[in-house]
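To start, the structure under review is shown below, and the notes come after it.
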Amino acid sequence: MYARKLQEVLGGQFGEISVMMQYLFQGWNCRVEGKYKDLLFDIGTEEIAHVEMLATMIARLLDGTPADVQEQAVKQNPVVGAILGGMNSQHIIVSGLGAMPADAEGYPWNAKYIIASGNLLADFRANLNAESQGRLQVTRLYEMTDDRGVKDMLFFLIARDTYHQNMWIAAIKELEEQLGDIVVPTTFPRALEKQQVAYTLFNFSAGEESAAGRWAHGPSMDSRGMFNYVPNPPAYGGPTSLIPAPPNVFDTPPLPPAGPPPNQGPPPPAGQQPQSKKK
Amino acid sequence: MYARKLQEVLGGQFGEISVMMQYLFQGWNCRVEGKYKDLLFDIGTEEIAHVEMLATMIARLLDGTPADVQEQAVKQNPVVGAILGGMNSQHIIVSGLGAMPADAEGYPWNAKYIIASGNLLADFRANLNAESQGRLQVTRLYEMTDDRGVKDMLFFLIARDTYHQNMWIAAIKELEEQLGDIVVPTTFPRALEKQQVAYTLFNFSAGEESAAGRWAHGPSMDSRGMFNYVPNPPAYGGPTSLIPAPPNVFDTPPLPPAGPPPNQGPPPPAGQQPQSKKK
Amino acid sequence: MYARKLQEVLGGQFGEISVMMQYLFQGWNCRVEGKYKDLLFDIGTEEIAHVEMLATMIARLLDGTPADVQEQAVKQNPVVGAILGGMNSQHIIVSGLGAMPADAEGYPWNAKYIIASGNLLADFRANLNAESQGRLQVTRLYEMTDDRGVKDMLFFLIARDTYHQNMWIAAIKELEEQLGDIVVPTTFPRALEKQQVAYTLFNFSAGEESAAGRWAHGPSMDSRGMFNYVPNPPAYGGPTSLIPAPPNVFDTPPLPPAGPPPNQGPPPPAGQQPQSKKK
Amino acid sequence: MYARKLQEVLGGQFGEISVMMQYLFQGWNCRVEGKYKDLLFDIGTEEIAHVEMLATMIARLLDGTPADVQEQAVKQNPVVGAILGGMNSQHIIVSGLGAMPADAEGYPWNAKYIIASGNLLADFRANLNAESQGRLQVTRLYEMTDDRGVKDMLFFLIARDTYHQNMWIAAIKELEEQLGDIVVPTTFPRALEKQQVAYTLFNFSAGEESAAGRWAHGPSMDSRGMFNYVPNPPAYGGPTSLIPAPPNVFDTPPLPPAGPPPNQGPPPPAGQQPQSKKK
Amino acid sequence: MYARKLQEVLGGQFGEISVMMQYLFQGWNCRVEGKYKDLLFDIGTEEIAHVEMLATMIARLLDGTPADVQEQAVKQNPVVGAILGGMNSQHIIVSGLGAMPADAEGYPWNAKYIIASGNLLADFRANLNAESQGRLQVTRLYEMTDDRGVKDMLFFLIARDTYHQNMWIAAIKELEEQLGDIVVPTTFPRALEKQQVAYTLFNFSAGEESAAGRWAHGPSMDSRGMFNYVPNPPAYGGPTSLIPAPPNVFDTPPLPPAGPPPNQGPPPPAGQQPQSKKK
Amino acid sequence: MYARKLQEVLGGQFGEISVMMQYLFQGWNCRVEGKYKDLLFDIGTEEIAHVEMLATMIARLLDGTPADVQEQAVKQNPVVGAILGGMNSQHIIVSGLGAMPADAEGYPWNAKYIIASGNLLADFRANLNAESQGRLQVTRLYEMTDDRGVKDMLFFLIARDTYHQNMWIAAIKELEEQLGDIVVPTTFPRALEKQQVAYTLFNFSAGEESAAGRWAHGPSMDSRGMFNYVPNPPAYGGPTSLIPAPPNVFDTPPLPPAGPPPNQGPPPPAGQQPQSKKK
């Protein structure tokens, strides 16, 4: 049933609740005043409206679905029944024909979907990703419906996602120019990191097709190094080992060397057992 | 305690488990053979090693922490006690001085942290975001320690994140060129979306600083439109309303118009109550 | 399939596991001896039995469902197939035809559904809400079945929810009278809170229908103030701003004023980059 | 550290995000036009502002906390160190000194905290509970701080919660009068439920103190029955049993009666094993 | 649809992601060098391959499913429609015909499914359980399909689970012999625990069938005690009570003894309310 | 603070709520009448009492902790402050000095911790694991306290876990004998699985120490095969590939062969873009 599917772009990983909350939290936490902060509030507020649009649309798609329609429909008309077979029954039992803050599988929205790191370049990349995944999901939903009103709303949302992708690309470009670097965070001293592995692709899987990409040769995108490719990467470290845990953590104790198993005789009396540090 | 903090980049939202699983799932689901798929497997495999490095480091940082050190330490030395006050006690109780697949607050890793959408341009943007947030978090962790061995490992991870950011930027550029567009998904017919709102910034918050950005004027980044700015956006739709739910959903029924409340008299006998459709 | 739907009132947000655990935890944590504590244990114990009733009913509804019935049924009889299309396949794969501690969408029960705050008046309101949502969900489930045995069990549960709602309303009334107030917590000194906004409805949305309600005029329900309505609420605070983060947090640094972007020349050598506080 | 504790009323079970989302979803799903729907939007919008207030306050409390303050502080000043020992390190690592959509233990907000059932009387009881738990938590937080600015904000929030409790009590009373009943849902035919258990308290725990409450005698709160108390409730049902599962579900098969265990001889050849229905 | 069902053994509670992560974390955290640690890495690595096999199989099962097939199929062919009615629509909307790290109900994998306790005997029992539940689920999935290629892969997985069960049983036996005990942890001094209840079965439910089991009589399995059965267990403790909470926690305060309710008169003026400790 | 740590064995992954719910659900779903079912109810009921014991103990440990103790204590006494630094502040803010259904990190209990599969042999292995992990955690908690009353309760719980481990070992042995096999599920026809990999250890990690274990040679534990070891396992399958997704899923389309990037000219007019199937 389409109402269930539409829940994905309302309450899913990349739904409108996610972008609403992500932009608002980035705005509230923004420690750089000016156009970027204002932009976050402009778009964050717009997304509240998108949440409302989708919630209303879902409620309308559920209009006129009485609680007993499912069983009845199946008896009379397998076609209707088959569609209803895919309904989210919580749309009746829990929300009484209303939208839910959940995705297409009924999984509730949670705040680990979003990020507000305090670093705008990092976060604008999160935003560009969110708008890319979001527009992708809406176009897929468009292919699943023939309803004129639904499609009209989706055309609106797709267009806004087109703008939002363009917008974040522009903001990223502008911010990268102001910061003078493209590697987040731009303020960490480059000299400290291990330079010898900062521009290298290691071939860790079967096949060497990846050697043909731009990322494997030529100047790096940040203009601070040369890409290079290592077809047979050596092991950097040897095998690792850990020391035994203290006895009072009760991990497996150090084991005796192989030989006849120790429990051939009767069990040791309690007094000879390994001792805890406390009496 | 540092072991607890380091858990963030092992099992947190943007930790190494996240990138390992994200790249592997993108690779397994990839329906375009060639360099991109091979790249995903190269880097996905590398991230397994990073997970191992961090798990081992955390176990070493926990070395020699007996179960009763906390209370004792506090009694003898407030400094040690204060540090231990921030310990994750599950590092003793649950994992017996081992690393956990969880973040700095003990929240377990979950698969909603990752995305593999089948659309490589969308997913490479997710990857660039993950590497940006990841390097940011590692640099912050670097500032929190004076341990030489830990810093050495972090310098390695920071350098790899530098490469990975460069790499995804290169891959995104190459893919955008091959696809001939920058708006995900590039294959959805542009003519269908609502063109009139595809390049517009609406001013929905107090302040107009955002009008100064590149995203508010000039040709759009995808070269298919002109950015524009609407300082006082009108309401596109009127108030919405929903029809009443069917009686057998037991939502609030349509209410009587205002007036003296209806229950002035005795309660109606059961026989005169609203009827369900079933007897 | 009905077994799946019935899971909602077993393991959902307002299912029997929720009330069982909520009442028991309120009882165990209760620091006021006497009738309220005893009542919590009476009803908490009763709810264990309700959990058992529902678990048994669900297992019976699954009786005789072999693992291959779904595919076969669809081939032979679309009607049966359509019903099975809505089955929770975990009822076979995971629980082997047994009930699961999950809701109608397969989402597992979790302890954030419940509250035991130590304040009985607050918690009795939580209980009244739980019994209200619970009875509502059971009546909706009643409308979805024609099975005589299921309906018989639901009539029992609905009646108990009728009593439980009556009971919590009585307990709330009794407790409010003993405490001499209706605002939770009743023991916080009223003089401390901002009196000027303690009885005011601010009109923050389009439309002024809400001004007609009892909550907008007349004495307040706690008899300590007069309700009032503000149709055009002013902004109480001005715009807020935050100071920049310390450099070693690696947030976006303070940005240069607008002008030609700073990276017109070659990238700065590493030695001139922003410095971390540590070497 | 206080910023961590304050997160509870921002992103916890009964924090401001919860009431914001709960009221907005109730409003969007409301199928009864008029004062109740308008009220939900008034208060839902107000709560957006409360979320902003708390997010901003948390960011300010984190102001000037450099990433390395914790370890340094401990070394120099155990008092500061002890306080920092309770810091949420994600406030540096993840959010860069910004508020997070999480509670005092770092657990992320999720949408199962809220309810919008389509039945206003049920939901207003949920709202009264939320405002009761919310005010209780804010008063507890007040007791944990000496900061003048924080207390000033808390006095504001406490007063608003005073109004919101009064408001929902008024709305519940008005709605109960309009509906002519107090048992949710009011439209389910009372004659159908099992009348004989609709007003009875069963004594299921040790002690009979609960018999003294108003809920155990006298007319029921809904004026449709008489409360009664059963000190020694009989078992209503006998032991239950379930039929065996079909063989191809691979549950434990019916077991042989007790006697010598069946595997005294050599294991049966593969050809004589229990058969699956498929070859 | 079968792809959805197959997700259970990829990303479910006992799916291949669970065993992969469980064995790897046990190996990384293992503080006893030698054959057990090597075994964990052997099998943990094998499980990565199983994850890949299932992810690839699921993507193939989704091959050729266009986004609009569902609605069309239902109109033309109820049989196909009924099957699709059980599809996970996120397989189109979110993953674009790829496998997801989730179970058969779309619930995401999370790290609380696994354990690595540092005690190998405890963990090998967790492993034996995981392989037992895993093989059980795969055999149930086998009964749900007629696809030759799927069955071929399942026969492989079932055989590996047969080995893995045998293997963990062998490892448990070997480890128990080396440790000289079967009760985890074997190093806790037995003399400390309450000996009088260490080998007793209390009859806490109706019926005494459990008295017939081996666990109720004869020498205990660890050879350190004699099993015994208590048909009518007495209560060990009396009723418990808690002292009142301090006033500034705002729990329900101690209540006045029964009698006329205290609010017969007008509400007390603010100045006479219970006092908070702070002014 | 100890109350926080003790939460692990109340509401953690292997806490008392887990075993209570696991045994009760296994009992309710049990389709084999007799001693095993009765045993599950005996022990499941016992675990309810253990939950009560721990909840009460936690509340007592919190006795007399006023809401402002933390900040005050730190100022006056770093030792107390350091201990309180590890307190779960939700024990004041949320539960008002009561126990919570959560673990030592404040993570709420959820039902994915438990299993009731309908197959008793599989589930008894889950139970043995739970009691092993549980006793391990309690012994670790014992090492963290000097409180006489707490230790007394822990000695009781440790002894019961000793019995429960013995009991499940006895039940597993008895059930394996009745079923005549040790591989779960015992009723799946062995001839169907891939025999050639049913008793083989593949060496997939560096090092061959695992070849020395009992699992690598000799008769298998189920007496139906011979263990064997493969030091250099070959790849069973070749590289896998997936066919392209249908265009209307909007995955990355098949890419042109390498060469000059396609967007050298102006962007194509909208009319020549890739076509969706719908107009």
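Residue numbering begins at 1 within each chain, and the chains themselves are lettered A, B, C, D, E and F in the order written.
The working rule: a residue touches a chain if its C-beta (ideal position, glycine included) is under 8 Å from a C-beta of that chain, and two chains touch if they have at least 3 such contacts.
No experiment lies behind these values; they were computed from the predicted model shown.
Novice: By label order, what chains touch chain C and chain F together?
Specialist: Under the touch definition, chain C and chain F have A, B, D, E as mutual neighbours.
Novice: Which other chains touch chain A while also touching chain F?
Specialist: Correct list: B, C, D, E.
Novice: Compare the two sides of the chain B and chain C interface and say whether they are made mostly of the same residue numbers, over half shared, or of different ones.
Specialist: On the two sides of the chain C and chain B interface, the residue numbers are mostly the same, over half being shared.
Novice: Where the centres are mean C-alpha positions, what is the separation of chain E from chain F, in Å?
Specialist: Result: the chain centres lie 4 Å from each other.
Novice: Report, in whole Å, the distance between the mean C-alpha point of chain A and the mean C-alpha point of chain E.
Specialist: Each chain reduced to its C-alpha mean, chain A and chain E end up 24 Å apart.
Novice: Going through chain F residue by residue, note those that touch at least 2 other chains and give them in order.
Specialist: In chain F, 13, 29, 31, 34, 56, 59, 66-68, 78, 81-82, 84-86, 92, 94, 96-97, 102, 105-108, 110, 112, 115, 117-119, 121, 136, 139-140, 143, 185, 188, 190, 192, 206-207, 212, 222, 242-243, 245, 248-251, 276-278 touch at least two other chains.
Novice: Under the touch definition given earlier, write down the residues of chain A that touch chain B in their complex.
Specialist: Touch list, chain A to chain B: 13-14, 34-39, 41-46, 56, 59-60, 63-68, 92, 96-97, 107, 110, 112-113, 115, 117, 119, 121-122, 125-126, 128-129, 132-133, 135-136, 139, 155-156, 158-160, 162-163, 165-167, 169-171, 173-174, 182-185, 188, 190, 192-215, 220-222, 225, 227, 240, 242-243, 245-246, 248-251, 277-278.
Novice: Can you name the residues of chain F that touch chain C in the complex?
Specialist: Contacts found on chain F: 11, 17, 21, 24-25, 28-29, 31, 48, 51-52, 55-56, 59, 94-102, 108-112, 114-119.
Novice: Hey, which residues of chain C end up touching chain E in the complex?
Specialist: Checking each residue of chain C against chain E gives 29-34, 66-68, 70-71, 74-75, 78, 81-82, 84-90, 92-94, 96, 102, 105-108, 117-121, 174-175, 177-181, 185, 187-192, 222-224.
Novice: Along chain F, where are the residues that touch chain A in the complex?
Specialist: Those residues of chain F that touch chain A are 136, 139-140, 142-143, 206-207, 212, 239, 248-250, 258, 276-278.
Novice: Write out the stretch or stretches of chain F touching chain B in their complex.
Specialist: Residues 4-5, 8, 12-13, 78-79, 81-86, 103-107, 136-137, 140-141, 143-146, 241-245, 247, 249-256, 261-263, 266-268, 270-271, 273-276.
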